[in-house]
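Presented below are the structures under discussion, each in the form of structure tokens.
Two complexes follow with chain A in common, the first pairing it with chain B and the second with chain C.
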Partner chain A sequence: MSTATSLNDETEARIAWLDTALEFGSKAVKTIAIPLVGIVIFLFFWAATAQNVKTSLGQFPGPAAVLEQFGTLYEEHRNERVKETGFYERQDVRNAKRMAADPGYQPKVRGYTGKETFLDQIVTSLITVMSGFLVAAIIAIPLGIAIGLNKTLNAAVNPIIQIFKPVSPLAWLPLVTMLVSATYVSSDPMIAKSFLNSMITVTLCCLWPMVINSSLGVASINKDLINVSKVLRLPAIKHVQKIVIPASIPMIFTGMRMSLGVAWMVLIAAEMLAQSPGLGKFVWDEFQNGSSNSLARIMAAVLMIGFIGFLLDRGMLAIQRRVSWDKSTASN
Partner chain B sequence: MKWLNVVKVAVTTTVISVGMGVGVVQAEKLGYPEKEELTFGFIKLTDMAPIAIAYENGYFEEEGLYVKIEAQANWKVLLDGVIDGRLDGAHMLAGQPIAATMGYGTKAHIITPFSMDLNGNAITVSNDIWEQMKPNIPKMADGRPVHPIKADALKPVVEKYKAEGKPFNMGMVFPVSTHNYELRYWLAAGGIHPGYYAPHKGDTSGKIDADALLSVTPPPQMPSTLEAGTIYGYCVGEPWNQQAVFKGIGVPVVTDYEIWKDNPEKVFGITAEFAEKYPNTTIRLTRALIRAAMWLDDKNNANRPAAVKILSQPNYVGADYEVIANSMTGTFEYEKGDKRDVPDFNVFFRYNATYPYYSDAIWYLTQMRRWGQISDDKSDDWYKDLAKKVYRPDIYAKAAKSLIAQKIAKASDFPDFGTEDGYRDPQTHFIDDIVYDGTEPNKYIQKFDIGLKSGDKI
Partner chain C sequence: MSEKLDISNISMDFPTPNGPFTALKDVSLKIREGEFVSLIGHSGCGKSTVLNVVAGLHQATSGGVILNGKEVKEPGPERAVVFQNHSLLPWLSAYENVELAVKQVFGSDKTKAETKEWIEHNLKLVHMDHAMDKRPDEISGGMKQRVGIARALAMQPEILLMDEPFGALDALTRAHMQDSLMDIQAELNNTVIMITHDVDEAVLLSDRIVMMTNGPAATIGEILEVDLERPRDRLALAEDPKYVHLRSEVLKFLYEKQRKVESISGGKTKVKKSLKARAA
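After this line comes the complex of A and B, so read on.
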């Protein structure tokens, strides 16, 4: 009997183990293998069609050509760093020499004057998008909350928002450029004008989704919560702090996530248009160069832009999940 | 014997002190630069080479200048950059400082202490137009067309388009660009009217009475605009003509060397304010550019392949090595496979290429008058005064003399600064054989069949 039971137990345990294994397996298939198959099929189609597309700059780049360019771009980055070291060494020698000849001279270490590599451009774009986004958040979220709380304010501001919301931020770009060069005058500017231009453009495009979503989030707070606040006679500030903000956080974050996605797309276009440093400029420069590697390099940049956009979105999602009580809004 | 020694000593000291005195006068010690961090702009064209070389060979650094070099989207953006101070200096079309100082377009006092090169442009037509032109061009024994090809061969094609009511569009890079005037010169020499400007009536499109309609396209976009069929031909600097050959979308028909042998091309432009505020920086950057130009033409173009390698980097011109090398290394490919020797296609230093001659500025002014950009008659003195305001051989001479004093350059490399008056001898090598004498601009304008003459006003 006992042996039978133990045998039974063993089979059961084995079955259970098999079940979990199968479940795990199917999960693995779903999360890893199937996407992998998708990517392989995509790469295959890409490679196959690229072979058949001939442009005036030669063949359309396939995956292999693009991969090679990723290597070259990294190589260029490393070479530039070597040149940079040389630049600083020469500068030190020159400064020391001049100090000897001209003791009143205040030596100054000047930044490297060489070109920006692909990696530098990525960093520039990321800094630009994040600063534009943060500025927008600082303005838009309080504004959205105020609009959501106050019907009169909402009625006053709503038409303006509705008109400006559908405007492509790129349409603002010329105005922003002129405004910045007119108002930001300094012989030795701390922040480059081109950076300000791109950043303000990003801010403009982040503003509206955040304002709208924040106000919507505030306006649609559960009546019960508001009643609780009323019963407790919470002062206005406490009301916002304890009820409004926590209740509307999911919507606020939805707005933030949306605007960051749009901002990243717009930034690339703005950089192309305004020739301000960043990935957009990299793409445009390569297009202008028209060398036989240009298309592959542009494709490399396109993939990189997509990948970074994906990471930004995931990052926002992770933050949203962490701070939000309503996990259902923080889905893919 | 003692007195002899005394005399000896006295003589030697005198000799030494006189020698030292001369040395001091000659060197006229150049001070440290007032502004050390500079940003220069350029357009992706091979003739920006002196700037790239001065950077890569460390000539700027040796002058104590820390220079950033930035490609610009088009000539307008570049000029605005120099005017509003975003750029300290830039590779400019020769017409830009002149037009800006005159107040045609944006008004600003821009000067040039350094001419960047001679020649370097060509006119390219689409394959389709080339096929239609070909029957009108005489052939050599080996079947290749005889060069230089005149616009006479294009005239029947333009007339056909005109008869069919189709506009014959061509591209050039800027209203006051060399390319605009060269394309106009070539067309007009072949009897095709390129159109007048009438700025006093607000018409700056330059299409009045035109047979061929010229419009602005930024240099790097020329090949793609031609490919799209928006224009049938264009005049632009390198590598954008050779690019058309490589892409198989067009055929360069004539180089500007054939339109006007050794014509002045780009200049290095800075604001007058900059030169006044930072005199040492100005002389020093001119020194660096002169050295770069010398290097580019040194030993009969021996350094050109190395220069092409630098230019083909994505942050400079960025086109393929072969495309840039085609014109930079002394050859030029017309029709695919028809590669001919044009050793002087790009001249950076020979023939006093870098000296800012007043007569070069005046030629551009005569063309501006010819096509109506200057709407009224002007006196010869007006032309000369304007040229003096923009072209600054005095700065160039200071830079060159200090290079000679340091034995970096030889005096024989430069014009004789003691006697040079800034006017080249009358120049004869134009495609229509008309002689240009910079001292008599008004007389020169009278010589053309097509174009405004004294007293004419649109």
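After this line comes the complex of A and C, so read on.
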């Protein structure tokens, strides 16, 4: 009798285990296997089509050629770094020798001026987009909250926002470039002008979605919550701090995610157009270079741009999940 | 008992594109200390407007509200409001929602320990001490309303204003909440104005029922004294002839004297229009 029950228990436990295993398996299929199948099919079509397309720069690159270029790009980066350390070592040795010969000699230290590699350009683009985005957030979020709180201010600013919102930030680029060269005059600039140009362009395109969403978030706060604040006689600062900001956080984040996505797209185009360092310049340089590898290298850059854009969005989402109380707006 | 609140001749006009819409006309009511008064009437009769004027959220076009001999001009915690839709801050836990009110009202009058004790005391009063750290989206509708009541009670108001506090709850939860409210009322003896749609609720809870006529230009139609013994028990009262009589008085007022003449759909659009005008 007792052995029978224990046997039963054992089978039951085994079945339960099997159930969880199966459930886990089906989840794995959904989250990993199916997307993987999609990617494989895409790669197959890409490879098949690329084979049949001939351009003046040779065959259109397939997945294999692009993968190879990723390797080459990394190799070039490492070689460049080796050259750079070599350069500084030689400079140090040279300076030491001259110091030994003549104690009064002032050693000259020159920076290395090699070509920026693919990885350098990625870092430059990321720094540019993040700084432009942060500057925009610092301006736009307080402005949006103020506009949401004050109907008069809203009426005054709204037409300006509505006019500037649909303008492609690239249209600003020439104006920004001229403005920066006119106002930012320094013989030894701490921040490169080209960096400022792209950064300001990014800021301009981030501004509007963030202002609009922040003000909308503030303006659409539940009236009952405002009444709670009135009944409690919360002073203005506390009202903003305890009611307005927390209530509009979900909308503010929606605006931030939207503008970061747009900013990344715009930045690449701005770099291409303005020839300021970054991934966009890399793409343009490769295009102008026109070697047989160029298309594969551009394709590698395209994939990288997409992947980084995806990571930026996921990053914002992760921050939103940590900060926002409203988990329903923080999905996807 | 002394007179606590004097609503004196208040009228309320809302501006609309077609000229002012008179929602209330000459509403006068005196409320004693510790009295529980219900306002009952059909939708759109301006019950909420009366409450909002007393709360200070609306300004009466003419007339005024006097609390303890002082005129009411703006909202304040001495007239705490329990809103129909709980209106808890969704990013704060039950404890923190009450805490915001307590800190604002008492500030440095209470030490940290006293503040904590007072918050917990009020949550215990509404039987929510087991879920103090839960956020509004993690608790049921009835529980949210309890926290809303705890928040209002924690302000130690001179008068408690309740705007259909149980209107959004299912019948069983509502009965349970009414019993809790009677217990709390027996303990604290607050002065309360409650708006309700529910005839049984009005008779069960109130000392007086104020019945309002239909709008526009709504005013007080009749006032019914509810002289039932306290504590009241809903089961015993259900067959009590006095209770049955009071109940039928209210029903008669609502469905005979103040029967809505216009068809239901027509009435609704009118209400909607006036609401739109109000929003604009």
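Assume the second predicted complex is superposed on the first by the 305 of 332 C-alpha atoms of A that agree within 3 Å, B and C clash if a C-alpha of one lies under 4 Å from a C-alpha of the other, contacts with A are read in each partner's own complex, and residues count from 1 in each chain.
Rule of thumb we're sticking to: contacts are C-beta pairs under 8 Å (C-beta built on N, C-alpha and C of every residue); 3 or more make two chains touch, one makes a residue touch a chain.
Quantities reported herein were computed from a predicted structural model and do not represent experimental measurements.
Annotation for the three-chain superposition on chain A: chain B and chain C fit side by side. Once chain A of one complex is fitted onto chain A of the other, the partner contacts of A:L57 are limited to chain B, with no touch recorded for chain C. Here the apex is the CA centre of chain A, and the angle it makes with the centres of chain B and chain C after alignment on chain A is 150°, in steps of 10. Chain A has more of its residues touched by B than by the other of chain B and chain C. Of the two partner chains placed by superposition, only chain C is touched by A:L232; chain B is not. In the superposed pair of complexes, A:P246 makes contact with chain C only, with no contact to chain B. Residue contacts after overlaying the shared chain place A:G315 against neither chain B nor chain C.
By the touch criterion defined above, A:N222 lies against chain C but remains apart from chain B after alignment on the C-alpha atoms of chain A. When both complexes are overlaid on chain A, the residue A:K115 reaches chain B alone and has no touch with chain C.
With the two structures overlaid on their shared chain A, chain B and chain C come no closer than 52 Å at the level of C-alpha atoms. Comparing the two interfaces of chain A, the one with chain B and the one with chain C have no residue in common.
Of all residues in chain C, only 55-57, 74-77, 79-81, 83, 85, 87, 89-91, 100-101, 104-105, 135, 155 touch chain A in the complex they form. Within the complex, the chain B residues that touch chain A are 32, 36-37, 44, 55, 58, 61, 64, 66-69, 71-73, 77, 84-86, 220-221, 223-224, 227, 243, 247-249, 312-315, 317-320, 323.
The residues of chain A lying in touch with chain C in their complex are 222, 224-225, 227-228, 230-234, 238, 242-243, 246-247, 249, 325-326. Against chain B, the residues of chain A that register as touching in their complex are 56-57, 90-91, 94, 98, 102, 105, 108, 110, 113, 115, 181, 187, 193, 275, 285-286, 288-292, 294, 297.
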